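Next up is a structure, given as structure tokens.
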Amino acid sequence: MSFLLIIVPLIASALLLLARPSGVRQIALAVGVVNFAISIFAAYSALYDGTVNHETNIAWIEQAGIRFSVGMDGIGILMILLTNLLTPLIILSSQSQRIDNEPRYYGLVLMMVAALNGVFLSTDGMLFYIFYELALIPIYFICAIWGGENRIRVTLKFFIYTFVGSLFMLVSLLYLYLKTPGTHSFAWTDLVNVQLSTVEAIWVMLGFFFAFAVKMPVFPFHTWQPDTYVTSPTGGTMLLSGIMLKMGVYGAIRWMIPMTPEAWHTLTPYFMALAVTGIVYASIIAVKQSDFKRLIAYSSIAHVGLIAAGVMAWNKMGLQGSLIQMLNHGINVVGLFFVVDLIERRLGTRTLRQMGGIAKVAPRFAVLFMIIMLGAVAVPLTNGFPGEFLLLNGVWQYNNWLGAIAGLTIIFGAVYMLRAYGMAMFGETNAETAEFTDLDGRETAVLGIVAALVLVLGFFPNIILQLTDGTVNRILGSVQF
Amino acid sequence: MTLAIFTVLAVISVITALLVVFSKNPVHSVLYLIVTFFIIAAQYILLNAQFLAVVHLIVYAGAIMVLFLFVLMLLNLNQDTEPQKSSAWKLSAAVASGLLFITLIGALKGSSVAIAASPNPEVGLVKNLGNVLFNDFVVPFEIAGILFLAAMVGAVLVGKKDMAV
Amino acid sequence: MLEIIKTVPIEYYLLYSTVLFCIGVFGVLTRRNAIIVLMCVELMLNAVNLLLAAFSTYLGDAQGQIMVFFIMVVAAAEAAVGLGILVMIYRNTKSTDISLLDRLRN
Amino acid sequence: MVGIIGAGSLLASFLLTVMCLNQVGASGPIQSTLYHFMSIDRLSLDFGFLVDQLSVWMMMIITGVGFLIHVYSIGYMHDDEGFYKFFAYLNLFVFSMLLLVMGDNFLMLFFGWEGVGLCSYLLIGFWYTNRDYGTAARKAFIMNRVGDLGLLLGMFFIIKTFGSLAYKDVFAQLAGADPAMVTVICLLLFVGAMGKSAQIPLYTWLPDAMAGPTPVSALIHAATMVTAGVYLVTRCNGLFSMSPDAMHVVAIVGLVTAVFTAIIGLRQNDIKKVLAYSTVSQLGLMFLSLGMGAYVSAMFHVTTHAFFKALLFLSAGSVIHGMGGEQDIRNMGGLRKYMPVTFWVFLIGTFAISGFPLLSGFFSKDEIFANTYAHGGAIWWAMASVSAVLTAVYMCRLLYVTFFGEFRGTEEQRHHIHESPSVMTIPLMVLAVLSVVGGLLNTPHFMHLPGSQWMAHWLAGNGVNGTPIVPMAEVHLSASTEWSLMSFTTALALLVIVALYFVYGKVANLPVSDQKQTGFTKVVANKFYVDELYNSLFVKPTEALSKFLYQYADIQGVDGVVNGVGTGVSKLGAIFRRLQNGNIEYYLIGMVVGAALLFLTIFI
Amino acid sequence: MFAGLFGKRDLLLPVTLLGLAAALGVSAMSLSTGDAGWGTQYTSMFSFDKYAQSFTAITLTSVLLLAGMSSWGFRTLNSSLGDHYALILFSLCGAVCMFSFTNLVMLFIGIEILSIPLYVLAGSRRDDLASNEAALKYFLMGAFATGILLFGMTLVYGSTGTFNTAAIGAAVERGVASPGMLKMGILLLVVGLSFKVSAVPFHFWAPDVYQGSPNTVTAFMATAVKTAGFAAFYRLFSTSFLGVNEFWSVGIAAIAGLTMTLSNFTAIFQTEFKRMMAYSSISHAGYLMMAILVAGQPGSAGAILLYMLTYSIATICAFSAYIVVAEPNGDGSFAAFNGLSKKQPLVALVMALSMLSLAGIPPLAGFFGKYFLFSTVMQQYPWLVVIAVINSAVSVYYYLKVIIAMYFTKEENTYEVLIPSSIRWVMVAGVVIITLLTVLPGNIFGLI
């Protein structure tokens, strides 16, 4: 079943890219929905005691100890659900506008989905790395082909930056690989058993950290991100922020810390400091952003900083929080970027100052936007809250003061999100916004689903927490400091 | 005595080699080079490699150098037309090659070879060489044929005028 | 036992051919006429040949001298091709000055 | 229709609450768990409810007063285009507020806590086309969030100390808790309370919150939400009682707030602003009471305050409604003639808050003063009395300037003035009655009235392990002392009421316009420039920092380094590029030098 | 096999293709049967062992593709078409010698057979000054390097008394009388061979010669010739000089590090595609030099083999795409590729795949080449791998330039791009091979 999740979109992608059939939109959407159905079924039929479900493990490159081994434990299922839940939404949201060369666009999107599923399903280190990189190619093309101004320069920086990051991960992986006893192997279970000295572990961990920190991104490796988000087409931004940055967090949970627990004590204080600095730093920057998309980009840095801090804290609260928050941040940020896209499509601007009064002319939009925005602000009983609560608690357990500083995010989060909402929706309408039309059916569907998820997951977070509980216990138990 | 002959020949050949490099007139250079080759041939004889000496004379002095001379004449380069490089350049070239020389000498100083216990004085003679060449080294010998063929085809290719165009 | 082996240490040959080799190198570096440069290369090859012959004699092993033959073969072939190229260039540029060749550069 | 549904649902909840009240009275607290909200290992956070004497008391206020305000709103908001939205928000608020008081653990309380903050935000910004209102709404939400952060951290400490967030677990383990930790928890919880209940230094949002429709001000910013802080402290009385330091802080903050904001109230000319500062001041009194350990008195004052402050706000709303939106009292005057019902209920409200004998405020304030005297001593009592006097002053000033004298508005306004419809006046009258008789809920024991200290006995109830839910304060004062204290404050209040009549009621001694104010008056009128201070202390620096970080730290600093690496690579490349200059002689010499350098490795 | 090559020297393309295919078939067959091949009686000169067979096979594959490409690449040549094929085949013959030699004499002859036709081919556009200049530069520097190489061989001979590689190896293991001579000999050989594989600082010829030579020839130089150079380099050092590898590894490591750094950094600045490819080729030489460092380690030969194959195929694909874009329009800059994805999606796709593969971006074949290489080197030289990794990152920049031009640049040019069918076949075959290598890289790696 794991295999299906990768191969179905991959084949569909090849079909779209090479054969360019008609009915591209329908095919893409259908593949997205099918994948979601598969992942639901996989989640339904899985065990949540921390074991790996739906395994496929076939020999691939024996000489290098690389096996094509995929499977999902609780964390994997969560990530798979996230990916395949957002995919149809992203595809659907892209369909409310005309795009040049649709076969190529949807083909790349599906290729991206295949790679992302691969990343989250791999239980082999090199396979993980390969998918991790494979994901970069389609998103680069998506952003660079359909992006806005400066797209070439910005996406090039994005590509090289993240590529450099992951190369260091490759070195770390290789180093670990060569330390595995006997016939070397990249299997997670083998890599995790490698004993390193503290110094070795520090270097290996730094390699991983650089890769994941750039991808997430964690301050100060974040500077590619606002520009890329701003310039990318909305579908690309959604993929990037909704799913792709989770690859970094996921990598840290699944690979970085379990591989190098020896270095955790030494390095985590610094990582924590970076993550928490990033939270405050990005939040403060977001406060005065005038470009709506850039504002969300910075808010994303702040949120991810908190998620990263929760992971680094490496306790039950932090991990569970980061996992649930990955899902919920994905949902929220997709919603928010869609909102920005809707506004930009109608008004032709992302500048907050040029908006205003939209609530008056588009009440349906205003309500859905409000719900999503509240989710982002982590108001209780929206989906943002449980994650933030657990994360802050996790960080706070690690260090009370850091927890308090990280807690500033709930204040700043309110400051910039409410400011954005207020500037966009409140006030009197101007000449442009007076013409603002309310949502059509497809747009309502996308935003409605997102808003519904915001509320449902806000009321019932335990559904998600249960998915990962067993696995988190197992990971926490298996990593000895 | 042998040492003396060797030394004298060596010194002369070094001087002529230097003259090759320093003569302004290309033709002079060629002539000095031919002299150098003759001295090297003499050294071969000293080393009891008579066949080699003969072949050397034929190939180098007889063939290659004549070819050079011929090209020089053909291209009408037999005057002091060659522009000289600046002395700074020459200095740096001297430093570079001097550096090379010093490192080489430094590494090779005090080297010796495992001198055969009973060296075969016949080693440089035709019969012996022929044996080795056509037994052990027959494959390279054959392949050298390809080399010549390639060189021939190549020389023709670069040398001929394009007829079609 | 040959006279020469007894009287002239192999080190002398090493020194001798190294000197010739380096003179060749120096010539390659300083001369601008491509033909002279080629000649200097030939000088280098001859230094090598001499050393090979010396080794061959001292070791009592014919392989060295065989190698010299092959080097001569190659030198001849190279000279033929090289001069061919030179002539071709001369036809186009009326010069054999290597300093003037800088059409191909960054 | 919308109004009927909105108000009807509140009526239904009120009736249900009454049933709960009976049940609780008969068989003790009701507890039920809806579902597991989250569980992390042993820490189980439930969506559970606890209806005990304290929460049912709050529920009575919320649903009762809430119902009246809903009814009132039907009239007040009837021609607003966001009528349906208004009721949606208002009901959402009641939901959140009930969640706050009914939750059986701190997380539920936090849900309600943030929920009411959100509704407050929505309702303050109800007229969203006005950007200033939006700003005020945001300010309220953000200042609340500052408090919420404290509350959240307090919860973290609770989890760490007690391993649970459920009240029953926490309060059951109080005995073994580390006092220092308890102090930290209490202070952090109090930070939350300061935000929600608008205590110094987090009070400035409340006056601005008057941007919302007046029923909102009455319900949220007077009767219910802002008292959530009092509820919180009362709920956690076990914790606070363990920490004298924390109690001390609470008392000081309460007292300072009470006096400070009362002073500001003296010079406000917006009818709602006066009431807002009055609310802050009264809340300060409640916290003073909490700090003195008189939890019941605080709750009592919450109750009576809910009655008379709701009454005042609603009648102010009635005035505004009648005046067609005018809020500046300098443009009113003589409204007594035009709006008799409103005038009378306003009068009752004013007298109640001023401590006119036997009205509700009289009893509840008196209890606070008595407790203050008993636990804090004369100086504390004197300070509290000052605030009481100030309260009487600004309230009477408001009353007289608004309803007495001659009308000073425009002709158009004079034409517009009308008494409000009965859907508005009836709730006013009900509240007026409550304001009059509300004090009887908890008459002081030394008066030996029937039902003396009824409320205190009710609230004491039976909590965990037989400890009272809200312990009664022990006041060891002789009856004569109490009588004299009471007489003194009452006399002062009466004096003020009469004196002020001559200052503002008879003579047209109008507040001067803003420009003409000088000296201390001006400072007071400008609210001691606290807003400006905060602005320049927090808002401006943050905004400046934001711009600075974006422009310099991010684009030039961090990104500059990243780009610098790129540029460095390019620069290096530019240098390397020159090596390839096309000249074969350079190449050859490069090779030779390279070879020579390589040969040097022999000698290492 | 040599006979096969002889016979076809002056025939035209089909015969060349046929001959190459036959040769490939034979070598593949002998690979699969494990047959030691011909010339067993000449083992003192050459040995057609598994190593030689597999390298021959991959080189033949490259040349087969190149020959397909050349039918269009050489289309302007009328009279001397046969000569060109002959020279390429001669050169190939030299390469085979370099794969299989067991004697320094064979190595020397092989190198010369490889090089002399190349000198000529580089200058085969006789009227083009750039081509002339390329030929002369290549020739002069090549001859100079030959001298150095020979001096090295002589010194090795002098210190060990033999030209046979295995015997040299044995002597080196035993220890020689004058280690100084041996060491100097080895280093001189390093210099000579580094020149052939264009490693810094002996790389200077490469960019100029690559740029000046006809496209097909450049592709040949960048692929088959480089393969031969490395195969010989590796073969010599793994058989003969392992005994003193601590000594020469310092120099090689320095060369490797310098090569990749300098070339990648310089490549950033190139605006001409071909010149960029030249620096790219130098940089790959830098990575491959690392394999020499670990000569003799299990897997190192396989790593070179796989790397060379992936690199060659990608380079040939890139050149085939370049030819159809640049030659008819006379513009070899990146700008010539603007908007290609709209005009000729196939060409753009092939080019993009090649570039990404060359950049080593997973999961394309080039990644596995790099992967096996780096993982072999990692154990002993982790710091060098880090340098290599950083350089790979830098290289992404210039490889992407082409992709950016093809896919992302909005400015159009008016160039018409047509794909001749032969080139189309080359492209399809190249893509198929890249895909196969992507899916099953281990099979190539495991050949040796």
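In order of appearance the chains are A, B, C, D and E, and numbering begins at 1 in each one.
Operating definition for what follows: contacts are C-beta pairs under 8 Å (C-beta built on N, C-alpha and C of every residue); 3 or more make two chains touch, one makes a residue touch a chain.
Computed from a predicted model, the values in this text were never measured in an experiment.
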{"item": "Given subunit C and subunit D, the chains that contact each of them", "value": "B, E"}
{"item": "Chain separated most widely from subunit B, comparing mean CA positions", "value": "D"}
{"item": "Pair exhibiting more inter-chain C-beta contacts, D-E or C-E", "value": "C-E"}
{"item": "Relative to subunit C, chain with the most remote C-alpha centre", "value": "D"}
{"item": "Centrality ranking, top chain (CA atoms only)", "value": "A"}
{"item": "Distance from the mean Cα position of subunit E to that of subunit A, given in whole angstrom", "value": "42"}
{"item": "Where subunit B and subunit C are represented by their mean Cα positions, the distance between them in whole Å", "value": "5"}
{"item": "Gap in Å, rounded to a whole number, between the CA centres of subunit D and subunit B", "value": "102"}
{"item": "Between subunit A and subunit C, centroid-to-centroid distance (C-alpha), Å", "value": "65"}
{"item": "Per-residue multi-chain contacts in subunit D, two or more chains", "value": "577, 580, 582, 584-585, 588-589, 592-593, 595, 599, 602"}
{"item": "Residue list for subunit C, restricted to those that touch at least two other chains", "value": "10, 14, 21, 24-25, 28-29, 32, 38, 55, 59, 61, 63, 66, 70, 74, 77-78, 81, 84-86, 88, 98-99, 101, 103-106"}
{"item": "Overlap residues in subunit B, where contacts from two or more other chains coincide", "value": "85, 89, 93, 96-97, 100, 104, 107-114, 136-137, 140, 144, 147, 150-151, 154-155, 158"}
{"item": "In contact (per the touch rule at the top): chain pairs", "value": "A-D, A-E, B-C, B-D, B-E, C-D, C-E, D-E"}
{"item": "Residue numbers on subunit B that touch subunit C, as the complex places them", "value": "1-3, 6, 10, 13-14, 17-18, 20-21, 26, 29-30, 33, 36-37, 40, 43-44, 46-49, 51-52, 55-56, 59-60, 63-64, 67-68, 71-72, 74-75, 77, 82-85, 89-90, 93-94, 96-98, 100-101, 104-105, 108-116, 118-121, 123-124, 128-129, 131-133, 136-137, 140, 144, 147-148, 150-152, 154-155, 158-159"}
{"item": "Residues of subunit D touching subunit C in the complex", "value": "577-578, 580-585, 588-589, 592"}
{"item": "Parts of subunit E lying in touch with subunit B, wherever the complex brings them together", "value": "2, 6, 9, 39, 42, 44-46, 78-80, 83-84, 86-87, 90-91, 93, 97, 103, 105-106, 109-110, 112-113, 116-117, 119-120, 123-124, 126-127, 135, 155, 158-159, 161, 177-178, 180-181, 183-184"}
{"item": "Complex interface listing, subunit C residues touching subunit E", "value": "10, 14, 21, 24-25, 28, 34, 37-38, 41, 44-45, 47-48, 51-52, 55, 59, 61, 63-64, 66-67, 70-71, 74, 77-78, 81-82, 84-86, 88-89, 92-93, 98, 101, 103-106"}
{"item": "Subunit B - residues contacting subunit D, complex", "value": "85, 89, 92-93, 96-97, 99-100, 103-104, 106-107"}
